């Protein structure tokens, strides 16, 4: 997600622009980022408020003006971003590039396509743009620890989710047989929904077992859910622990490798003294 | 669950068959596995959709055809599996052997026994067959870590569940005395059900304390539940941590120290080659 | 809870009796324990079933007979226990001694005091007697790890609970001001109950914020509850981790002390080689 | 929060007063603290009970008297605190100084400003004063471990909360599009509230998806919530583990090794005296 060195263009003014927009070391770069964060937050608030009938009725025109103000602002920013990178297409197709275009296109399209109402909500994705701020804050190492841990857990979490999906399918089907349509469990997909609501301990109560056997079975499922919630917690805890312990160590002075334990004396890759 | 070497039959064509069906190293073996996964998923979707009245009314015939298609497919697969192992009975009585027969028998039996409606849901167990895929994926080591941790936790979780069962029995009985039948807590089993719903933080709300004393007592139970949910989490976390740390490392051949990362080349304590 | 050596009486037949009742090494001792477990479970089931109107109406007499059977059985057992220890009073006032008397007294008292109905539920406490079985099972070390971890966490959990009590009091009071009586938050104790239900993520839904401000505030409380649930989990996980790591190590051959880490080379108390 | 040495005044009688009020080493100091705790708890109970209509109707006068008793008591205490520190203004503007004034001012102001009803609830903040007791108890080290861990987690939890806020905003907006106003999801803020209730597994059930697509999407959100709750737990567990391990150990003076238990006398690696 972060532009590599080779992304910086050659022309001097484009390089300057790149520094302001993509970097946060210089003063104009920092100012740009702070303004951007506020614009993002306020534009999200605009979208959210627009959905409330009472607010729209009273402040509709202000919200409309604000929306266009932010759309034009983000459009200019998007064009500047495209200009200030070496390979604009590559940026346009990157994660943040797509988020950028999704953030402005609904409003722009609503000019040409009437009744674009619902798709306007896509604009909410502009909130994702706020994750750019990590590059300018002291929070970057914290964010890295969390994302490292989540990435390292991904495969295990994947296996776990496959297990949970199998489990809720089987539990839901059993509950469909036990309770049946007359108690609200009218088909298997609905019963699977109940199983998810129960196993994750959300428990809306819109669907609850009515028969004694159903209540007994539900009790077992809940106690099972107790044990199951421990699995992702365990996985993520272990990975965070690893990420935290690894993060503060220095690089190997000989081979430059990272990730040595805090009690390591020799580099584990090249064997030279740390 | 996985066939040992001695399960491989002697005859050449049966050995070939064994390789395709049970192994995933060869190309035909991989193709077979991928087809099988899709067949399992689609057959489960068939069972699930069949339970939805609207879908059954409209697409009933397609679902009927699909069901028979998958049943015949799985029947052939089951016979091939029996042929390709040395001791077919042993396979038939293994975990996956029983799951295999449960996956096809309801549909086959419905031919002879009319009104087999509800038992058809047993077919959902064919979902369990998807866990075969672990043998062909890169997820095998992740799955092994989770199952190792769960197995190692089993006894502790058992003691914990006995404690929880005692606790909900006592809490439920107390609540039955406090609230009584007029507030919905009409007998002890129902009150125990409430205790499980509350202690596991599911909280349907179909049964909630009405009296002041009941609400006070329920508050204590909930805060208790807070602490209790920590126990299985703690147990599983510790075991996952062990399983993760144990799985990939070897001791240093020079100084004998442990705890090297799986990607370490040199001992981090004495610097000699691992 | 376990009788010390000095509790064993001198007389030979009393010593024999002690062995059978309190120990589980001999064959009669094991038989006694197994019978006891079943008697406890069945007597608890009797109490639970008795509270269900439909069951009492139909099987009332059988349950009545069963109740008296178990009461007489447990009374004899209690007397034998008193005989087989050196200091009967000391046993009678111990934890299990009190549980024993609570398990039989309600039924016995109901003979003399009519209308003892509700107090009969005290009998459910006889379920606690099942924790005696830990002395005869292989689960003893698992149970010890859990209780050790919980004991070690007790003080920290205490501080945590004081914090939670303060928090729910303040949150409840704020919510009382925000929502007020017309939305169901009719007084502070009730609002505190809501705060407990929300912070522990139980969420019955019998009381939920109606105003926009209330919903906003409730959202903050829920996200707060997310972080708070992590505290007891963290405390207990760390203590279980300690208890697990300490448990399997050998005693010091010189000073006999326990609790050495698994990687210790020298005794940490007397300094001699392990 | 705790007064430094330079806060102790020079005059002898003020120094004595400081010792009694702020310290807990002397006997009068301990007596003062115990009385204070009880006064705080009882005054909080007064505020809580006053909000219950039935209690106010019957015991209104007693509660009124009690309230004034505690207000005068705390006012005297506040004045004494101001006198016994060197720089009263600094104390008055400290955390506990502000809590102190908030605890007494509502009742005092109600004399002059009629209809001060609702603001009286601010008095509940006097509960926070109970956290002073940590200085006199054996719980201080436990409290320090928890607060150290929470402080160390603060930044990571901050990043996590930013992620959760983004997530619930996007989930809420999506659900608003999926379900729409006719199913109760009448605007985005309300849908975000639903997303928080679901993701934190609280699940009131006052708002639940009605459409099939909504239920499917909600199921994904719940399983997602499963994984997400693991993140703060993991963060806090790792920090508590660090805080626990750090607090009591010292390095071996001979071999410099770390990680000795707090009760260790000899180094477990080289056997020399710690």
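In order of appearance the chains are A, B, C and D, and numbering begins at 1 in each one.
We adopt the following convention: a contact is a pair of C-beta atoms (placed from the backbone, for glycine too) under 8 Å apart; a residue touches a chain by one contact, two chains touch by 3 or more.
Since the model is a prediction, treat every value here as computed from it, not as a measurement.
Although subunit A and subunit D carry the same sequence, what matters here is overlap: shared residue numbers make up under half of all numbers found at their interface. Between the chain pairs A-C and A-B, more C-beta pairs are in contact across A-B.
In terms of residue-numbered contacts, B-C and C-D present the same interface, as over half of their contact pairs agree; the other options in B-D, C-D or A-C do not. Work out the mean CA point of subunit A and of subunit C, and you get 42 Å between them. Chain geometry summary: the mean Cα position of subunit A and that of subunit B are 28 Å apart. For subunit C, residues touching at least two other chains, in rising order: 189, 192, 201-205, 229, 233, 235, 237-238, 241, 263.
The part of subunit D that touches subunit A in the complex is made up of residues 155-156, 158-160, 162-163, 166, 169-170, 173-174, 176-177, 186-189, 192, 198, 201-205, 208, 212, 215-216, 218-219, 222-223, 225-227, 229-231, 233-235, 237-238, 241-242, 258.
Across the complex, subunit C is touched by residues 201-205, 233, 237 of subunit A.
Residue ranges of subunit D in contact with subunit C, taken from their complex: 44, 47-48, 51-53, 118, 121, 124-125, 127-128, 130-131, 134, 138-139, 142-143, 145-146, 149-150, 157, 161, 164, 189-190, 192-193, 196-197, 200-206, 229, 232-233, 235-241, 244, 259-261, 263-273.
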